[in-house]
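Look at the two complexes coming up: chain A is in both, with chain B in one and chain C in the other.
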Partner chain A sequence: MIEIMTEMLSHAFIQRAVLVGSLVSLCAALLGVSLVLKRYSMIGDGLSHVGFGILTISTVLGVTSPLYIAIPGVAIFAIILLKIDNNSRVKSDSAIALISSSALAIGVAVTSVTTGMNTDVCNFMFGSILAMSKGDVILSVIVSIVVAILFFVYYRKLFVVTFDENFAKASGLKAKRYTNIIAVLTALIIVIGMRMMGVMLISSIIIFPALTSMRVFKTYKSVVISSAIISMITFWLRNLFILCL
Partner chain B sequence: MLKCILDLNKGYTGEIEKEKHIGYLPQKSEIQANFPASIEEVVLSGTIANHPQNIFYNKEDKENAKSVMQKLGIYEMRKKCFADLSGGQQQRVLIARSLCATKKLIILDEPTNGLDPSIARQIYELLRDLKEKDNITILMVSHDIERALTYADNVIELINGEIKFVGKPQDFQFGGEKK
Partner chain C sequence: MKNSTVLVIGIVIVLVVAGTAFAMNGNKRQVNRANVEELVSIAVPDEKEGANVRKMDKFLPSIDETNILEIKENYFIESTNDVYLNLDDYLGRSVKIQGYVYTYRDNNGDICYAVVRNTPGCCGNDGLAGLDIRYAGEYPEEGDWIEVVGIIGKDNIFNSDKPAIYVYHMEETEVGNIFVNR
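Now for the complex of A and B:
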């Protein structure tokens, strides 16, 4: 099996896939900790549906690189969704359900009106890491490195804002700004990750590592570190599993 | 009123002169119920306002947090998970955090809510010690009128947002009537 593995890894397109896959899984797991703790586990699912809607529309309109449109679009929805807190009239879980199903409906309607893009739709839905173009790969790598660096730089502030937003505001931190940063980073990772995991499964790389680590570890730092490690382990297990099939 | 002082609420009228470093202890939020964070991390997070641009906590902040934790008797269990503590211990940790943020003024929003009377008394006594030994001003909102009157120096009574009473606790009359 190791022989097959090394042979597989000698192909450039597989190397690309592995590089992107591990970086995206890592970033998704890091952001996942903040999202799960803020009770936004479903946001990954919701935003990926929004991404699906935007991607199908831009494909139909003939945009050559739909990712460049999907990223800002999803970011806007991420900011809106994270703005909705428990004091607003529509609760955040209903808002996520509302936006995600509408976006999916629009996407499906658009695809059924136009014909001949069924493979594309399938790619969006279930993802295909090997089908990523060179441009997509470069974009994904840059975005995930930026996300990881920003997460590291804002680590302390993200902790304070997540743990106790009111205290953060009273200490003079711009809590809104950091919530927006989380939203934008999440949007970036979701759009990139959609190419790999697909609309249906993107949530898994965001919430599983965080939830697993939260059961085992009791301090914030150890939870963050273990989510990163778990995301790597599961990524490689997944690769092995696919290889064995 | 607290929210205005703390800049949480923008809809007020009038001017507020404000100190930069305030230690605030909000009412309990439900997010904290199973948040994985050690006592040390929570207390350290109080120092964030001192150097918001740094990536790590610096030595001075860590020393500060350590001495505060020792003062409140929580240094021994600093590695424990915040969510596993009892209500009184959690309140102690949050007071420690607000002490890290300030040297002058702590603002507390119902600190004894949901605590049993003997623990609540410990918290009040802890606050009185802080006031007397460390010269920290303590501003507290409370529904626990009886006990608040025993420990307070000055009382302001608010009913539906209007000030009904300002003065010493011994002069305080319940809702304007004699007790």
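Now for the complex of A and C:
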């Protein structure tokens, strides 16, 4: 086992995958708890489809680093989705479904008309953690560290906004600002995580650790910590399993 | 959240980043690199083929045999893909690769040789993964199974710089797995 691990880690692309994967899993798990509690479990899925649409259009337009276009684009849609509450005419789950399926349809249509279903598109659809350029790795590491730092800096405020937005407003907290912070952080993690997990599976690293932890622990803090640990362990186990096959 | 918890998670993040960065730099420090400027590709007319064949301008006198990057069967696709994605990290490195000889024509109509293996593609096992080779001598026949030792350089193919192995030594070997799935 140690020999296999040593051999695996001697490859630069696996070292990069371990670095990015660990950080993205950790950040996704941290944010996942707030998203699941706010009943936005499917936002990861919706935003990843939006990301796919933007990435395909950027690629067709010849943008050399489509991730830089996708991040602000997805962040805008994340803010829009999190602004929709259950008193709106279109409910939040319907809004996610609408945006998600429309963005995917646009992405598939653009791909079909232009490049066709090539390797790049497949990598975004199903993920390819071992095919990351140095630029992608640097961007992912910076974004992950920023997300983790912001999460811990605003931890208490995010906690209040997650459980009761009305109470947060009543106690003088700028709830909208912190909801926007959750939206932007989620968008950042979704876009960089798409490279790793793919459009189809990215929501799993947000939902599964949080839901699993909620079955075992009862406080927000313990769920967040457990979620981060579960996410890291499952990432390592999954990769070890796949690479050893 | 308690400061100690934040501290522990912070330390984990720092350790992951620092550990991987150290490992990456460690790999780089140990490797001797050849001067890539000396690796030149030329188009040589070939009467048999009736077209130009892309070759190396001269034989390589030597390579660093103490630190050869071996592209193995178990990570063939990822290894060759990484050479394309992060070419700067591989330029000048000694490399060893096995596969079958494959030829194609570039945008000038020149014949280019490559060492490849079959991979999953859109319609079964019709994908290809591998690297171009440039050799000063006679190339083997298409389909021959060979082992190539050389230096990773670059060549302008389809109007962009792509990786190519400038061959130091090439020999026919026992046929390995033609199809690889990773």
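Keep this in mind: the second predicted complex is superposed on the first by the 243 of 245 C-alpha atoms of A that agree within 3 Å, B and C clash if a C-alpha of one lies under 4 Å from a C-alpha of the other, contacts with A are read in each partner's own complex, and residues count from 1 in each chain.
The rule is simple: a residue touches a chain if its C-beta (ideal position, glycine included) is under 8 Å from a C-beta of that chain, and two chains touch if they have at least 3 such contacts.
Treat the numbers as computed from the prediction; the structure is a model and nothing was measured.
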Partner chain in contact with A:Tyr155 - chain B first, chain C second, else both or neither: both
Which of chain B and chain C A:Lys169 touches, first, second, both or neither: first
Contacts of A:Arg39 with chain B and chain C, given as first, second, both or neither: first
Touching partner for A:Lys221 - first (chain B), second (chain C), both, neither: both
Shared chain A contacts, counted only where both chain B and chain C touch the same residue: 152, 155-156, 221
Chain A - residues contacting chain B, complex: 37-39, 152-153, 155-157, 159-160, 162-173, 213-214, 217-223
Interfacial residue positions of chain C with respect to chain A in the complex: 1-2, 5-6, 9-10, 12-13, 16-17, 20-21, 23-24, 27, 75, 78-79, 81-82, 85-86, 88-89, 122
Parts of chain B lying in touch with chain A, wherever the complex brings them together: 6-8, 20, 22, 24-26, 29, 31-32, 34-38, 40-42, 45-46, 48-49, 52, 54-57, 79-81, 83-84, 97-98, 101, 107
Chain C-touching residues of chain A, taken from the complex the two chains share: 9-16, 18-19, 22-23, 26, 117, 130-134, 141, 144-145, 148, 152, 155-156, 221, 224-225, 228, 232
